[in-house]
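In what follows, a single structure is set out as structure tokens and then discussed.
The letters A, B, C and D name the chains in turn, as written, and every chain counts its residues from 1.
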Amino acid sequence: MRIGFIGLGNMGAAMAANLLKAGHEVTAYNRSPAKVAALAAEGARPATSVAEACQGDVVVSMLANDDAVEAVTFGGHGIVAALSEGAVHVSSSTISTALAERLTGAHAEAGQSFVAAPVFGRPEAAAAAKLFVVAAGAPATVAAVTPVFEAIGQRTFVLGEDPSAANLVKISGNFLIASVIESLGEAMALVGKAGVDKQQYLELLTSTLFDAPVYRTYGGLLAREEFSPTGFAATLGLKDVKLALSAGEELRVPLPVASLLRDRFLTLLATGGGELDWSAMGALTAWEAGGKAPA
Amino acid sequence: MRIGFIGLGNMGAAMAANLLKAGHEVTAYNRSPAKVAALAAEGARPATSVAEACQGDVVVSMLANDDAVEAVTFGGHGIVAALSEGAVHVSSSTISTALAERLTGAHAEAGQSFVAAPVFGRPEAAAAAKLFVVAAGAPATVAAVTPVFEAIGQRTFVLGEDPSAANLVKISGNFLIASVIESLGEAMALVGKAGVDKQQYLELLTSTLFDAPVYRTYGGLLAREEFSPTGFAATLGLKDVKLALSAGEELRVPLPVASLLRDRFLTLLATGGGELDWSAMGALTAWEAGGKAPA
Amino acid sequence: MRIGFIGLGNMGAAMAANLLKAGHEVTAYNRSPAKVAALAAEGARPATSVAEACQGDVVVSMLANDDAVEAVTFGGHGIVAALSEGAVHVSSSTISTALAERLTGAHAEAGQSFVAAPVFGRPEAAAAAKLFVVAAGAPATVAAVTPVFEAIGQRTFVLGEDPSAANLVKISGNFLIASVIESLGEAMALVGKAGVDKQQYLELLTSTLFDAPVYRTYGGLLAREEFSPTGFAATLGLKDVKLALSAGEELRVPLPVASLLRDRFLTLLATGGGELDWSAMGALTAWEAGGKAPA
Amino acid sequence: MRIGFIGLGNMGAAMAANLLKAGHEVTAYNRSPAKVAALAAEGARPATSVAEACQGDVVVSMLANDDAVEAVTFGGHGIVAALSEGAVHVSSSTISTALAERLTGAHAEAGQSFVAAPVFGRPEAAAAAKLFVVAAGAPATVAAVTPVFEAIGQRTFVLGEDPSAANLVKISGNFLIASVIESLGEAMALVGKAGVDKQQYLELLTSTLFDAPVYRTYGGLLAREEFSPTGFAATLGLKDVKLALSAGEELRVPLPVASLLRDRFLTLLATGGGELDWSAMGALTAWEAGGKAPA
């Protein structure tokens, strides 16, 4: 397929590279051009504007937050203006359900299609084409862009016709990961202060009821207190918890654990840890218990 | 081995039955004698007092809480008074670290040994001899009673010489399970109110980062709103969260998620759900979001 | 003075009436015209547009939230477009610090002045001209509009040159009131369930350390479980707590009590209490403790 | 009256001195004898044992916690054993409702009377005989010991026949004070980080809705960051919050603000602030927001 790709951060660059490996023709755009050049070396066509990346059948955007997605989508030089009638915008960014609804409407009005396809997985998984894709949109359109999902992920979950549902599921998933970081952080602060070895403790957990990637990955980072290099920054963790809280406000669902996580991330940012991996949030309990600060 | 067994509740009865199946000679005691009769039908010798169950090499106790363990251990008719010098008390109950320390001291003074061996697993796992055993105590003693662990569980983790560390790990593990129930309950209330199917949501979670028994078991109960029959009662969940909070107070470790769980369990008990499965706690968010109460 | 007044809700209508009583010439505008007619009967000149209310030296706006203030301020028919050079916009609404900053800039650009002057007090206090005014802006401008404050309030606190500081103080004050409602609600649920008379309990508190209007007012409503008529709706309480949380996010200050209040208000709204007085939030603990729901 | 007084800490010494000033005959006991000598210089008879202080009509105890009260009350040399039939034990300590119930029973069995009379007020108020006394017990007994209350306080609130109700009210009052410390601490961290002067902010609050001693006292300590000398130690604050949580557990009342306070005090203790005034707890938010730690 002829695919435009907008946003070559840690995640996006790896996803675009896998689209190339799968044989697709990829035209790539990024605000800072150095990332474009790097991907061009792997075979991508460099684009110097958003519009240039919108000449194919589908354009994939993978950006940091609502503001960045709005900036490339709306306005005279944005995706909606540049995309052909009948083409598809696949949004893999973690954005608010409110923005997903706005994008759905804007593309429909322009005779285009919108598919929300946020992904689960850290940069390593993106590089290995092992992401999990959560897709929602009109069934025929989702089917049409399935080759994109197959190139970047190990499995695709199709949720239904409403794109914002995919974003809500993604947001809730990141909330669940953050809640694991916090709970594990509390448990490790507790057993650690009593002298139990944290690695042995983690092995016990992940050999039994907690035998899941989320515990192995984040438990390992916590046990080793290894908060850089940053797979996913604390600032992004805060952003995603705020998305969960906003969705809860719209739907009128109180989320006490998410509220706690919001305050935890704010503390981490205020004390200098905003660019650490978000797992550093789990080290705050040990700090409050008299240990050292994560940042 | 000649093994006494004290406490034939859901868990204890299954564990004692597996000791019988493994060929051990089991003398069983329970406060209400009907449970003793049931086990006698499977080959156990019935005991009509704690002391009668303390005639062998080892006595295993599996009781509901600190009070119950204290009641059978201390005093003129208790385990300490009845057990021979050199014999071993294996405590599988989920008790406070403070009581574990007291038991360690009392048995040592009486020339006996004490091993803490709390277990992870619900009644189904106990029946299938698939428990995970977390054992701590003097290495030679732990080695001596390993046949007990092999008969009841699928794997034993040996933590070190301090029995109370095993209890702390068990307490922290139950805290982690309860935190999963709460977080999943919040996430399901959120996506459920937006119309996402909870079973499909759970399948997505457990196919990806959250591929662990704890998510499958408790997520399934939550998705089906199936809070009885009771595998582990909400009253016991509250007890265990309080044990975590107490351990945190002794060690001076704040535990904000555990504090939230305490209040959640109190709400569940106050509104009539004390005898429901503790997973019902996870349904409180949906109730607060305008849905129906779990009890 | 020649004063325009925009927004004749419970609070605004009473404030405008007091400006009339103090001898000012008041031109009043409200989206629904019935309120305008009522005030015209007390001597106000009715305006049928925002612009018509902007012909004097100063225009006061008293509206429900950021959206309402933005709607009357910006655009071709808004306050900024209609106000003369040199005239003053006094904003008494409880709005975000972000919007206060935007208003400051827009009026400065148009050669006008902006003063933030949020008020403390319920509708009874507004009717009695007993509000407390928290004002911030350029000193000369604040001095010039002091007759407005004298007509509506019992005391004015002047904070400094930055209007948004007044809004932050107002937001934090409403947060403190809500925290009193919650804490008192918990305390009353506790002593009430033990059989202590809640009115006697309140008398004890307000005769001693807690001898303040906030305890007498909200404690009385809680003790009598009197959540309507509504002095200040729960929906507005949620709005203000969210303003506090947003300010905390910008400044990177975690606010755990505010986070709890957010979830409490969401629960109240989700269970049908959005139009009750915000004191109803304090009745949620008694509900969770097995009593009846506030709504 | 002939009054025994047990416990000459900051509070007790001042109370006993006021009993002397009011003309009572006071026999004083304290575990460390230096405090007894100091009071003897003001006219008290020194006692070298609890029993010696129990020879009069009434004995007042004012001690730090449940353990200390149990230690002087029970056993062969305790108050119950030493007090004459018909004499009265007035307990002014802040103790659990459970211990109050046990004391009521033990004194009744010994033909003695028990009155719970916890007090509100810091050491300055105790020195000035300006405490507030909350008394509960048999009406005739309460009436008989009223001269004690008149000598130490400015007002007495009589709650009813059940002594433990007075303790519950006291516990809930300390919880409310701690909740003010926390809420004010959050509000001051917020406005302070935006550059608002904290003393001016406090003056605004205490001139309006928050015109109460609790805001003036604790707000002043927070605004000046003056956490020593210690009027009431953080360790005692934690003790009292735990008493509130325990009472909530018995009565099945969730107390989310109290749970938060528990974790806050634990953090303060774990980071070295246990002997600071409990108002230091309110400085934790500013610390988490990137400021300096209170200890």
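Keep in mind that, in the parts below, a contact is a pair of C-beta atoms (placed from the backbone, for glycine too) under 8 Å apart; a residue touches a chain by one contact, two chains touch by 3 or more.
Everything numeric in this text was worked out from a predicted model, so none of it was measured.
Seen from the Cα centre of subunit D, the chain whose own Cα centre is farthest off is A. More contacting C-beta pairs link the chains of B-D than the other of the two pairs A-D and B-D. With each centre defined as the average position of its C-alpha atoms, the distance from subunit B to subunit D rounds to 39 Å. Averaged C-alpha coordinates give centres for subunit C and subunit D that are 38 Å from one another. Measuring from the averaged C-alpha position of subunit A to that of subunit D gives a distance of 52 Å. Among the residues of subunit C, those touching two or more other chains are numbered 248, 252-256, 260, 266-267, 270, 288-290. Chain contacts in this assembly form a complete graph, since each chain touches every other chain.
Those residues of subunit B that touch subunit A in the shared complex are 97, 120, 132, 134, 155, 157, 159-160, 162, 164-165, 168-169, 172-173, 175-177, 179-180, 182-184, 186-187, 189-191, 193-196, 200-201, 204-205, 207-215, 217, 244, 247-248, 251-258, 260, 285, 288-290. Residues of subunit A touching subunit D in their complex: 266-267, 270-272, 288-290. Across the complex, subunit B is touched by residues 242, 245, 248-249, 252-256, 259-260, 262-264, 266-267, 269-270 of subunit D.
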